[in-house]
Each structure stands twice: as C-alpha cells, then as structure tokens.
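For clarity, chains are labelled A, B, C, D and E in written order, and residue numbers in each chain start from 1.
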Amino acid sequence: MNAGLLLLLLAGLGALGFLAGRARALSLVRGDARGLHSLPGYYGQTVALFAVVPAFLLLLGWLLLQPVLVERSITAMILPADIASGSSRELVMADVRRIAEGMERLVATGALNEGELAALVPQPDLLKDRLSAAGVALAAPIQPHIAEAATAWRAEMALGQGLMALSVLAVAVTGFLWSLWRVAPGFRARNVVERFIRWMLIAASSIAILTTIGIIFSLVFESWHFFQLYPARDFFLSLTWSPKFGGGSDLGIWPLLWGTLYVSFIALLVAVPVGLMAAIYLSEYATPALRAVAKPAIEVLAGIPSIVYGLFALMTVGPFLRDWFARPMGLGDSSSSVMTAGVVMGIMLIPYVSSLSDDIINAVPQSLRDGSYGLGATQSETIRQVVFPAALPGIVGAILMAASRAIGETMIVVLGAGAAARLDLNPFEAMTTVTVKIVSQLTGDTEFASPETLVAFALGLTLFVFTLGLNILALGIVRKYREQYE
Amino acid sequence: MNDMRLTERAVTQTAKITARGVQVHYGTNHALKDVDVDILDKTVTAFIGPSGCGKSTFLRCLNRMNDTVASARVTGKIEMDGQDIYDPRVDPVQLRAKVGMVFQKPNPFPKSIYDNVAYGPKIHGLARGKAELDQIVETSLKKAALWNEVKDRLSAPGTGLSGGQQQRLCIARAVATSPEVLLMDEPCSALDPIATAQVEELIDELRAQFSVVIVTHSMQQAARVSQRTAFFHLGHLVEYGETGHIFTNPTDPRTEAYITGRIG
Amino acid sequence: MNDMRLTERAVTQTAKITARGVQVHYGTNHALKDVDVDILDKTVTAFIGPSGCGKSTFLRCLNRMNDTVASARVTGKIEMDGQDIYDPRVDPVQLRAKVGMVFQKPNPFPKSIYDNVAYGPKIHGLARGKAELDQIVETSLKKAALWNEVKDRLSAPGTGLSGGQQQRLCIARAVATSPEVLLMDEPCSALDPIATAQVEELIDELRAQFSVVIVTHSMQQAARVSQRTAFFHLGHLVEYGETGHIFTNPTDPRTEAYITGRIG
Amino acid sequence: MTDLSAAAPSSSPHHRGGASLIAPDARTQARNAAERRFRRFGLSAVLLGLVALVVLLASVLGNGVSAFRQTYVILPVTLEASVLDKAGNRNPDEMKKVTTLGYGKLMQEALIAALAERGIDTGDLKPKEIMALLSKEAPADLRDAVLADPSLIGQSIAFPAFATSRVDGYFKGRVTMDSAARDANISPAQLQLADAMRAAGLIETRLNPGFLTRPDASELRPEAAGLGVAILGSAYMMLVVLVLSLPIGVAASIYLEELAPKNRWTDLIEINIANLAAVPSIVFGILALALFINIAGLPQSAPIVGGLVLTLMTLPTIIIATRASLKAVPPSIRDAALGVGASRMQTIFHHVLPLAMPGILTGTILGLARALGESAPLLLIGMVAFVRDFPAAPPAGFFDPASALPVQVYSWTQRADPAFAERASGAIIVLLVFLLSMNALAILLRRRFERRW
Amino acid sequence: RDNIQIAGSSTVLPYATIVAELFGENFDHPTPVVEGGGSGAGRKKLCEGLGEGTIDIANSSSRIKQSDLDLCAANGVSGVMEVRFGYDGIVFAALRDQPDFAFTPADWYLALGAQIPRDGALVKNDLRDWAEVNPAFPPQEILAFIPGTKHGTREVFDHNVLLAGCKASGAFDLLADAMTGDEAARAKGAEEACLDIRGDGVAVDIDGDYTETLARVQANPVGIGVFGLSFYQSNTDRLRVYPMNGVLPSVETIASGAYPVSRPLFFYVKIAHLGVIPGLREYLAFFLSDEVAGPDGPLADYGLVPDPELHRTQAMVAAEQPMEPLSQ
C-alpha cells in the first residue's frame, strides 16, 4: 500500500471520526448539548484529530527514516572491492539506488515481472541494457554484487512499505477508538482541540525560523569556501569592488553595502511620504468610490514586473535627471544614478506603504477621531496627532515591508543605478547594490569554484547578518517609542 | 447638598443657540423629530429623557459631530449667535472650537495624560509657552477633579486610567480649550458622589461665562445644576422650560410620568 | 421606590468566591492592596468607593480578565467553590463562562444586535436550534429592558445604538450565557431611572439562583439592590458587611465619610 | 478634595477672536490653510501613484497591445499525397518521416504559384527571399495540422501561416521602408511584395490567440512565440503559493501576535521574519536549490519547487501585514469576547480575525503580486528556461518542467530580435491581467470587511 | 525523465533554443529544456553528479576549467565530451546616425586604459574625446558600454582588444618597466595592469545582456557598445558596426580570422547519459549536422560563425570520445 492511498484512508477515517465523536457526545447527553463541556463539534474534532494526526506523523517519520535505515543496512553489504578507484561508497550507493529504482520502474511499467527480473540479476550487462531502455542513467557497467545489493534494497523497501501501512493503520484505529472511548460529557474536548490548533500555529511560526536556518546553512558552506580562496579581511575591510575575469579581483563589500543603503534610503524617501499621504487621503478624505478604485489601482504598481520599472528608469527618468538636475548642478553626467534607481524604486514601493497603512488607519476606532473633532481639531490635526500615533505600530510594519523590498530589488538597480560599485555621496553617480552583485556573480561565465562566483554567497550571508542587525535596531527603536502608548 | 439652588439664580435671557425644526435620520431610523430649542447664554441646560430618545443625537447636532456619521442626515435650522451653523460657508472646525464636547463614552487618546489635556490648547494656540501649557493642563485637571490622582503620572497613558478617571480626563480635555458652549453627554455617569459634586461645581462656575448643555439621567442632578431643562421622548422634544417649572409643574403628561418614574 | 427592602430578605451564608490577600500591580502602580472578601452565593454584593479606588480592578480579578492586561500582576488567593481560580490547571475560559461580566465601558461586538446576544449561547452550546436561540436572545433582551427598542432592528449593528442601549445590550449579552456569578461594572451608569429600575429588577431576579456583584456609584442603588456591600478606598478594602449595616452603622470613619459625602 | 479652590478663573473667553463662524480669524485661517495643504498633499500623493500607474501602463500597453495581433499569410496550398504521404496509407507514424523541410518546399511552391496566379510581380526576388516572408514556424504548423488530421491530404486549403516578424512589424508600423533598407533581414523589395500580397488578400493582420496558447519559440521565430507554458506554469505556482502561504502566514501571525508570550524567543522570531522579508529573492533561490532539489530530490524546472520557494518568499509579507492589522484591533473587542466565556481561539477566529481581514487581504495581494512577478529565485531552480512542452494536468503537472510569466518577460527582453520587445510588453499585460483576476476576489472581500467601528 | 536538460551560458542559449526547437519539431522526442544561468553555473550543474536529477549538457562560452573537471570527478561524472560548435564574433557598434570610426585595439586602450603612455611616460588617463585618442577620429565624447566582468565576452575584450592595444600603444613596455621582479613576473604584472580600466564613468560595465547595452546606447547616443555579432545582425537597422584593424566583422571575416575579436563556443555533454536519456544522442548528431551548424544552417543565419573544423567535431561526437585532460 503506498503513501497516497494511506493518506486517503486517513482522511476517510478522520471524517468518520468527526461524525462518530459528535454523535457519541450527543447521545451521551441524549441530544442535549448543554450537558456537554464543549460544543458537540469539538468532540468530533478530537476524535478526528486523534485518528489522523499521530498516524500521519508516523507516516511522515517513516517515509523520512525508512530510506536512511535501509541505506545503512545496504551500505554494509558493499565490499571495498565494489568501489572503483576514484569513486566512493556514496557513489556506489547512488548507483544501487538508481538500479533499484530502475528495477522498480521496470516492474511497474510491466516491462518485466518479478521472476524475469530475478533472472536478470546475475546478468549485469543484460540488466543494464534493460535499465537504459527504461531511461535509468548509469555511469558504469553493473557489478554483480551491486545488482544483488539493489535487489536487497528493493526487498527491504517493500518490507518497510508493508510494515508502514500496518503500523500507520494500527495507530490510526487505536487513536480513533481511544478518543471515542474518552468522549464523555465532562471531557474537555474544546481544550484538546485548541491545544492542537495552538501547536499548529506554533509550527507555522517556526517555519520562519527553519527558513532562516536553511538560508544560513545554504550560504555558510560556500561562503566558507570563498573565505578560503579570498581573505576575509579584504572582503570586510577593503573599500574597492573590482572583480576581474581572470582572477586577482578586489572584492570589498563596502561599496556594495553603501549602494544598498543609499538606494534604499532614497527609495524610502520617496515611498514613505507619498505612500503615507496616499493612505491617509484614501482612508480619511476620499469618497468611497474613489477609494474603491484608487486603492486596487495603486496596488497594481506592486504587481508591475520590476523590469518595466527598470526600463522606465533607464530610458525616461535617468536622462531626465541627468539633463535637468545632475548637469546643471554640476554633479556629473551619468544617466544611471542612485537617484534614478531610488526614485523609480520608490514609486514601486508606494503601494507597500499605502495599502497596508490605509487598512491600519481605517481600523483606528472612530471614537478617537470624534474626541479630537470635538475639541475643534481640523481633520489634518486629528490625523497627524491622534490617528497616526494610534496606527503607528501597524504603519511601522508597512514601512518595514517596503524597506525589505527595497533591499532585495535587482532589476531597477541594474538598469537605473548601473553596475559600478562606488563609495560616493553624490546621488547622481552610478552605484550598485549587494543584491545586484549576488545575482550577477552567481550567473556569470566564470568558473563556479572561483572567488568571483563564490563571493555571491558571502555577500548574501553578510547582507543577511547586516539586515538582521538593522532589524534588531529597528525593533528596539519601535519598542522604545511605542511603550508610552500601550 | 444644595439641591434646589436654582431659585437664587438669575437666568440671562439671550439665546446662544436656536434650533428650529431639527430632524435627524440614521439611514431609515428617524431618531430626532422636529425639535425646536433655544439654548440660552450663560445658562446650564439639562437634557433628560429615557435612554435612546435622541439626547446624544441632538447634542451632536449642536457642534456638527453628526457630520462624521456617514448614515446620519440632519435637516432643519440651527443658529448660533444668529448664524446658521449648517451654512456651507461655516467651518465646522471653528464651530467645534467654540462648542466643546464631552462624549458619553470616555474616549481618551492613546497618549499620555498630559498630552490628552494639552492637545486642545496646543492646536488652538492657547498657550504661549511650555510653562503656560503646564498651567492650563494643571488647571483643567484640577477643574475636572482629577489632578490629585494623576499629578504623579502625567506621562502615563490616558487609556490606563479607571473608567471614572477617563471620564474626568475627557472633561479636563474639553475644559482646557475654554469653549463658549460646552456640551456634556452624561459627564458624571461613572463618577462617585464627591467627584460628581466637584464636576457640578465646575459646571456652575463655567456658567458665569459660557453656556453648558448637559445630558443626564439623574433628575436630581438636572435639578441641581440646570436652569433650564428639556425633556426628550422617542425623538420628540416634549417639553422645554425653566428647570423648576419642569420638575414641579410639568405641562405634558409624559414629562410628569417620566419624572415620577412611570415611563421609560 | 423600594429603597430599603434589604431587611425583608434572608441572606444565604455560603461563600461562592473567597478572596484572600489579593494584590494587584499595574507595572509599578499598586492598585489593589491586600483585599479579603467572601462573595456569598445567591446574594447581590455591591462594591462602592471613589473613582479609581480599585473596584473594577478587583472585579476583573474575579474572572481573571486581568490576564489580558500585560502590565497587570495579581497575587493572593481567590477561590470559587473552594477551588483556586489562579491554579494553573484552571481553564480561564471555563471560569469566565461561569463568571459573566458586564464591562464599565459598553463594548458591543461590531456585529448585529442579534449576533451580539446570540454569541455566548452559541459558543456554549446553550441552544438546541435556531428557534431556541431566538428565544434566548429575546428573553435576554427583555431582561435587559432593550427588547422593545430593538425588536425591529435585530440585524442592525450593535455599535449603532445609543450609549444606554449599548450598555443594556452588553447586559443582555452577559445574561444570555446564564453565568453562575455575574460581575456588573456600573451597569446602570448610562441608564434612565426606568431602565435602571428594570435592570435592578433583573438583578434581584438573578439573585434567586446566582451571585451578582455590582459596582455602583449610587449609594441608593447599592442600598436598593445589594445584601452585602464592600467599600474600597485607595486600593484598600475598607469595610465589608451587610448592606444595611454599612449604610446605617459603618465601623470605619472613612466609610462614614464617603457615605455622607465627605471624602472622594 | 477641593481642587476647585486652586483653579484660577479662566482667562478671556473670546481669545479666539471674532464671533462670526464664517469669517475665520487669522489662526483658524492658517490652520485651515494647513488643512487644505495637507489634503492637497494627500490628493497629490494618490494622483502621483495613479499617474505613475498610468504612465507605466501606457508604455506597456502602447508597446504590448500589438502583440495580440499578428500578420498571417493566407496561403492556398494543395497538400499533395505524393509528397506528404508517400506510402499512401495515412499512417501518422510514416507521415512523420516528412520533415518540416519537406513541408517548407511545398509551401514555397504554393506561395510562388499563388503569387503568379494573382499576377503579382515578384521583381527579381529569389524564391528563397519570397519564402522568407513566411515564418520558419509555418512549415511546422502545417505539418502539425496534417499529422493531426491526415484526411487533409489531397485537399487544397487556405492555410493561415505566420508572416515573418519583419513583415508583421511592417504592418504594425515598427518596420519602415527606410529601416528595411538598412536591415539585414528584410529588404524594401520584400516589403513591397508584402504590400502587394496584402492588396491581393494574401496577407492579413488579425487577432492572434496563439500568443496566449502557444509555447515559447526560439530567436528565429518571434512571431510564433506565445505564453501558453508560462501561463500554466505561473498558474500552478500561484496555486501552491496561495494554498500554502495564506494559511501558514495567518497562523504564524496569530500565534505571534495573540498567543505567544512576549519573551526573547518570540522577539527572535519577530526579528527573523522581518529579516526574511529583506532577504534578496535570489537567496531564496539558493535555499530552494539546496533544500528542495538537492536534499528533497524534487525535479528541476518544476512548478512545485517554484511554488514552494515563492511561498517562503511571500510568507514574511503576509505575516508582517497580518500582524500589523491584528495589532490594530481594539482590545475592548477581545475583552468583550473573553468576558462572555469565549476561549482565546474563539475570540481570535470569531472576532479579531474578521476585523483584521482587510489588512490580511492586503498583505496577500501584495505578497502574491510580488510572487507572481518574481523571476530571480526561479533562476536557480531551473525555471528560467526554454520550455516548449506543456506541463500535464495537476497533480502530475506540478512536477513537469514549465516556465513562468515573469521568466518569459525576462527572457524576451533579452532577445535580439526587436519583435520580442513587443511580445515582452504583451506578456506584461497578460501578467497584470492574471494578477488582477487573481486579486479580484481578495479586493472584493476586502471591501466587504472594511468597516469602521 | 524523458526530456533532455541543458543549462549554461546565456550566449549559447539562443543557439541551443533554435536547435532544441527544430529538434522537437522533427523528432519524436520532446523538446529539450534549455536554461540560461551562466557558463559557470551550467558547468557546476553538469558536474553535480549523474542521474535524472542532473542536467545532460552544459553550454559554455569559454572552455571548461580544471576546477570544474575536478568537481565532476569528485561527483563521479567521469566522461565529459567537449563540443566546440562555432564562434561568436564580438563587435563594436553605435547608433545608426553616429559618425564613422575605424578602430584599432590601441585606440581602445588609449580610450579606456587606466594608465596611458604620453611622451614616453605613463600618465593617468584623462582623455575625454575620441579626437584626443586619435586625431583621425571625429570629435566626440568617449563613452563605452563594455561587458561586465562576469561575462565571457569580457575575457575576449580584455585579451584581444585591451591587451593587444596595450602592447601596440607601447604602454605594455612602460608598465613592465615599472614592475619589479624577473622577466616573467614583470610581464605578468604588466599584463594585469593593462587590463585596468579607468574608473571615472567613461567605461560603463554592463552586467546584463546586449539588449541592455542597446538600451543604454539609445539613452546615451554618443556611447559605443560591445555586442555579439548575432545581436548586431538582428538589429542592423538600428546599429552601425565599426571595423577593427580595418576589417568589418562578418561571419566570413571572423571565420577566416581576419577580424580579431571572437571566441569559440562550447557545450559539454555527460557521456554517461548518452543512450540513457532518450534522444540525447540524436540531439547531438542533429545539432552538429551540416544542415544545422553548417554555414547555411539556421545557426549561421542567426549569426553563429560556423566552426571550419565542424567535421572533426562530428566525428568526435560520433565516437563519443571523452575530452582529454586539460593541458594546463
């Protein structure tokens, strides 16, 4: 019995459990739900949960563990002689696995029956041909011993599969019966269900932690490689970024970090005031009709692919800023500049600030506004001094979202700000950001194992740590400011 | 206490606010029906009547707070100092600066106690400096009988006060802007007798210069503080006149029934 | 009205809730100091005292509503039917289902009037069907003296009611779940005398089966409806005893001062 | 107790100047001016947003609408059995032996014959140059049509074949006689011929449904490139994203905002989530490559992997938005529910969540907008690819190679032939329509939940 | 898995898609899935191991590196076949209405190099106008859009233009003189110094692709961009191309070697997958057939410079011959 079928069975058992639990609870009090501790539905849910969840977890664990255990027992079968020079035990195991899976496929597609397959095992060459025909890639001819190992692998897997079905069903039925037996008028079914929901919620929030761990792990390994090829000192302390194709590059992170901060800062300088004012206008002043149209319309700005913004920056905003600001002010004549990218990115970020802020401002109770109007405050005074502070925690969230998006953006920076890494205060100079360089270093033509490529991982990791620091700082500031209101 | 002091007072007879044929609809709900009232200057007017009869609604018409309720529709004419306050040229903000309000449900701002009170004076520019502002805050809190309880925690949030304290904070907030007319919607509902007496004293004091309109459910309070009383019932203004007259000699049977506790 | 009916009633003497050494801190603010009280079964207990003295705070201890205030810290022991309600094994939800509450500031859900009242019965499974639920809603609204005013607009939002109506809606909402103890924080503050009388009647009716704790600023009301009265002052429980005794013969000078209107 | 005794009598009652309500005093005038200014700022902010939108949309629409129309050569062609089905048994397997080259020859002859028949002067254009008016995709299309319906063999049909992108551009105004004179890929003589063919009814420009249904095409055939695979791929991915990120995001926010004790651990999670929002999307690609492809063994270029990585990327947005709007729900609502004996879960699910709904939906809209338009993380999991075969129906299709709309935009903007620029803009239009239809429900729901209390 | 999976260089990508499309059209096998992602990433993917989860072919615009081969060996990918299928020409072009230039590598070095010789000494490059670089040139601001350092094209530009120009202009000798150490070390140092590009915004690195270069040239009409021959051929109506050493780039001049700036294009095939992944063998044969990769094939139509030794490659592929170890 395979996992999909088991899942279906479990789902059915769950539905059945719900009905049975509910019915039993009601019958215990002769249909009068008032005699129960919890609503009848909760009794149904407990039975369903106990029937499904432990069994499901067992299934999951089994599916994860079985290959590992089988692998271990089979690995023990492989003799040192089976391992060709330049190869390794793991590689041979990969072969075993591939062969076994190929055998499985041969049987599944009906190309061979078990008997024919067993007959093929002593004839590795024939076996290889059959497997190749089935689309299984094999690097080398099959050693007879490997074929046997593969057969054993299959057998153990099949055994495991059977045991799994049995035990999962046993657990499910036990859970079902036990929880059904537990149903009694005084049984705190709601608490059980809620505790379960609580655990689900905790699990959901720990996905964030897991993602973080995952990101760190996926970056650390290659970053470590990078620091073996390139001195960490230079990476963190050098003020030049000038990678060369053939090696001998300067890979200092500061120009990139500076560019990131500068571009994001300008973008927020555009997006935050405009977004907030738009949010305020939409939630406080606009007619419902305007609001109903304008809000989703502005949200479309967030959905326009950034390449469109990039081209807009490159073809329109860049030359405009160069001809009307940079040149007259003697600030250089680069058409791609921090300013260009920042302004255009700011436009893209408007809905991130405006839409959520609008919702939050809308959620401020009317009684607060009334209190202020009643004192003779104008609407703008009310908004600035009463509504805005009350909505501040949520607005901070909105700005945070915009800032995050600014740091992660690539296309607008590439086309708007250029690719030159530079430490400069002049906003009309071309600069670039960490994110842009991560993408370009990772997708270039140089060899992967060179510092020029691996630096992408170190950049990612550094940016990660850097933004972590910024976030801690931001949280601290917000906390401090918020305390006086809560 | 001094329950029946009204006889000793002279009632000025100039009308501060005149309302004629005021009707209010909330959607299809006809909440206020054809109300005519003159609110006299330098007088305390009490609105009484069973819960839901339209007292708050009428109060909110007087400083156009009903503008903020989308479903509310106000018709009729309300004049203040001879000027139609629903004239489109009238700036409701200026109106509300002159006609202050204490709401039925205390609604302190999520700010510090100090900022709650200082808010009005700040936006109206009533204080020339920090010291003067401090002075206004202190005076207002004292008038609202809250100073002693909060003087050590002026920077604590106003929302962390007890119900009665919040109510007094809202009174202090309204008083701080020195309005010409003060509308008070059940200002003493959450107050103990002593605090109530203090607020009543405040009202009496304010009367020397301003009009005060107070909504109350306590006949005793109405009798104590007001010179004129209006009785509302089911959206109608049933009777309006000298407080002494209303309480001792009502003309409408409904008024009498309400005062003696027979209709609600 | 029947101001002094307490003498005609027998007071049952089993304690429903016993509080010993209850202290509450809000951050650094010591709001309740060492309070010992026995709330008797089938009795109306009144809490009186000046505004900000800790009445609401203590009330909120009795059904653990203070759990929701982050800054609040409750110590001491409160037992209900002999069981410590702050025991970690106690489910506060179940406690609150048994100990209902009417808050000082009316806080209807932003839902229809019907849903406001039906919510409790629904989550506690008190009704077997739609008809029974309708019945509960109607009875509760009638008990809270709101039925006549809202029966035609049960699906209108509860937040669109007048202040006093909202207060009665909250009473109806609390009554609908038939709690064993009902905590009412100034339930009549926004009500006219007739509605007040009806709510007092309701309280009297509830007393036949449950305990009722009521916070009030009206001595008359305390005297009318309660059998036992507790007087709080500056976070202390100053005096607790038979209502008649407290009002006629207080032992503590502060009680006397408060009742006669000298401290606040 | 006598606070009042300390109270100084209040100062002049008329310090706010004139008694008139209509003629405001200087300070009120200033305040009203500030009010008007503020309001104007607000309006200009909204207008700025709308103008930016209009400008961007106008440029996209201006460039892209023409991608939905295409120029066809209506080619009268006789499908000779002697060429196409030598065995004569209409067996598709054997008919497949005739390659597109064979069909190409057939079409070339048919084209020249058609021109001759209508008396169109071809000047000194060589047959190969005449044939160059037709897309290289045309023979393949004809071959597909014949293989799909062998009964066509022997018939004479008017086959609508794609014209080459330059001819198409000529009729859309992108290519002119001048530019053709300099263009290595088309000559003015060829365009004159096209004009003549159009006059003769052999060429027409009409709606091209293939833009939405065909797969991508190579650099040599911009006229045949379509979004079919990309639309399917994006739809599959968005399905995964929606099904996973909304419930997980809301669940996480509920825990963090409503249930979790406020301690270091939850601070850590909070900071983590904010930080994840700032992680560049390509880093999520690195993670997905390591986690889903290398460790979990999911296939490359598959929508399931794309959906998972976009889910991880969208989660922080949804969580931040949801938490912000949960925070904005007034505590009195929670008190009310807890006070009637609702459990925390009931309070949250019955009262708090509905009130926070607008913000949650906004977060979803913004998150999905980003997920739909993102191509960088897809780069590392093999979805930025040239895929011509359609993925199967779900669930198997989740594991088949597919492309995505932003990927198609990205790769079309990189192609050399200018005809692809038009198609990239067309793809952006499709993407926006996709986005709006995906968000329509959320926007409608949000309007229902929006209410002030 | 029944489709061929290909990844790698974005320069090779268009050629690979053209072939994949034709292949899918005319064979029973599904159309191969072709990814970009860069040569480096493609070769890394190729060397990640054997089996269905890994790609079959890596496209590369430069030769595979020893580190890649080491990775391959470590992951059990023992047999890798190197296929050179043509050349990519690299051209210098500007907008159509710009003036004429006839460049030599020395001109480019003088325009972009960080240090240039003047009166027998090295000075920091401060030239702003092409007329200052070469009096024969029209006066026009110098602005060049050159491939970013991650592009394979940059390697060719560095080597065939800058370094050649550096030597031709005499800067190389001056640089070598300024170095210390023995002959070889000085030459190496000078070579590196020759590749230093001035950092004052005159030379702009383009990390994107040729469409970006084109867009930049359109935004800054005085700019001169570096493009691939195939890109130029698709845009002859907008771009004008400049000769190098007097030779205009074209498929013929590059194939003959007269035009100096070009590079070979490769792909690398996992031999273990041949005959395992259905269609892989057929695909290879099809790709390298004369009709496809030959001078009259679709690839040449698109701008690929056909490999003059195509038949040798065909034979090698037919023999499934793994590549020799790299000589260096």
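Just so we're on the same page, a contact is a pair of C-beta atoms (placed from the backbone, for glycine too) under 8 Å apart; a residue touches a chain by one contact, two chains touch by 3 or more.
Each chain and its UniProt protein: A = Phosphate transport system permease protein; B, C = Phosphate ABC transporter ATP-binding protein; D = Phosphate transport system permease protein PstA.
Worth saying up front: this structure is predicted, and the values here are computed from it rather than measured.
Colleague: Where the contacts of subunit A and subunit C overlap, which chains show up?
Modeller: Where subunit A and subunit C share a partner, that partner set is B, D.
Colleague: Please indicate which chain is farthest from subunit C, where distance is taken between mean Cα coordinates of the chains.
Modeller: Comparing chain centres, E lies farthest from subunit C.
Colleague: Given the two chain pairs A-B and D-E, which is bridged by the higher number of C-beta pairs in contact?
Modeller: It is D-E, judged by the count of C-beta pairs in contact.
Colleague: Any idea which chain sits dead centre by C-alpha averages?
Modeller: Central by C-alpha mean position: chain A.
Colleague: Can you check how far apart subunit B and subunit C are, centre to centre, with Cα atoms defining each centre and the answer in Å?
Modeller: Between these chains, centre-to-centre, one finds 28 Å.
Colleague: Counting in whole Å, what is the centre-to-centre distance of subunit C and subunit D, each centre being its mean C-alpha position?
Modeller: Computed from C-alpha means, the inter-chain centre distance equals 58 Å.
Colleague: Counting in whole Å, what is the centre-to-centre distance of subunit A and subunit D, each centre being its mean C-alpha position?
Modeller: Averaging C-alpha atoms per chain gives centres 21 Å apart.
Colleague: Based only on mean CA positions, could you tell me how far subunit B sits from subunit D in angstrom?
Modeller: 58
Colleague: So which bits of subunit C are touching at least two other chains?
Modeller: Residues 70, 93-94, 105, 123-124, 263-264 of subunit C touch two or more partner chains.
Colleague: At least two partner chains per residue is the criterion; list those residues in subunit D.
Modeller: 1, 31-32, 35, 343-344, 355, 379-380, 413, 453
Colleague: If a residue has to touch 2 or more other chains to count, which residues of subunit E qualify?
Modeller: 1, 10, 36-37, 52, 208
Colleague: Between which chains does touch occur?
Modeller: Pairwise, the chains that meet the contact rule are A-B, A-C, A-D, A-E, B-C, B-D, C-D, D-E.
Colleague: Help me check something: in the complex, which residues belonging to subunit D touch subunit C?
Modeller: Those residues of subunit D that touch subunit C are 1, 262, 331-344, 346, 350-351, 355, 451, 453.
Colleague: Would you mind writing out the residues of subunit C in touch with subunit B in their complex?
Modeller: Spelled out, the residues of subunit C in touch with subunit B are 1, 26, 29, 48-52, 56-57, 71, 104-106, 145, 149, 153, 160-165, 167-168, 185-186, 189-198, 217, 219, 258, 261-264.
Colleague: Please give the residue numbers of subunit A that touch subunit D in the complex, ascending.
Modeller: Those in contact with subunit D are residues 190-191, 194, 197-198, 200-202, 204-209, 211-212, 214-215, 217-219, 273-278, 280-282, 284-286, 290, 292, 294, 296-309, 311-312, 347, 350-352, 354-356, 358-360, 362-366, 378-381, 383-384, 391, 393-398, 400-401, 403-405, 407-408, 410, 434-435, 438-439, 442-443, 457, 460, 463-464, 467-468, 470-472, 474-475.
Colleague: Under the stated contact criterion, what part of subunit B meets subunit D in this complex?
Modeller: Spelled out, the residues of subunit B in touch with subunit D are 80-81, 83, 85, 87, 89-91, 93-95, 97-98, 123-126, 139, 142-143, 145-148, 178, 180, 194, 198, 201-202, 205, 209-210.
Colleague: In their shared complex, at which residues does subunit A touch subunit C?
Modeller: 31-34, 36-40, 188, 190-191, 486
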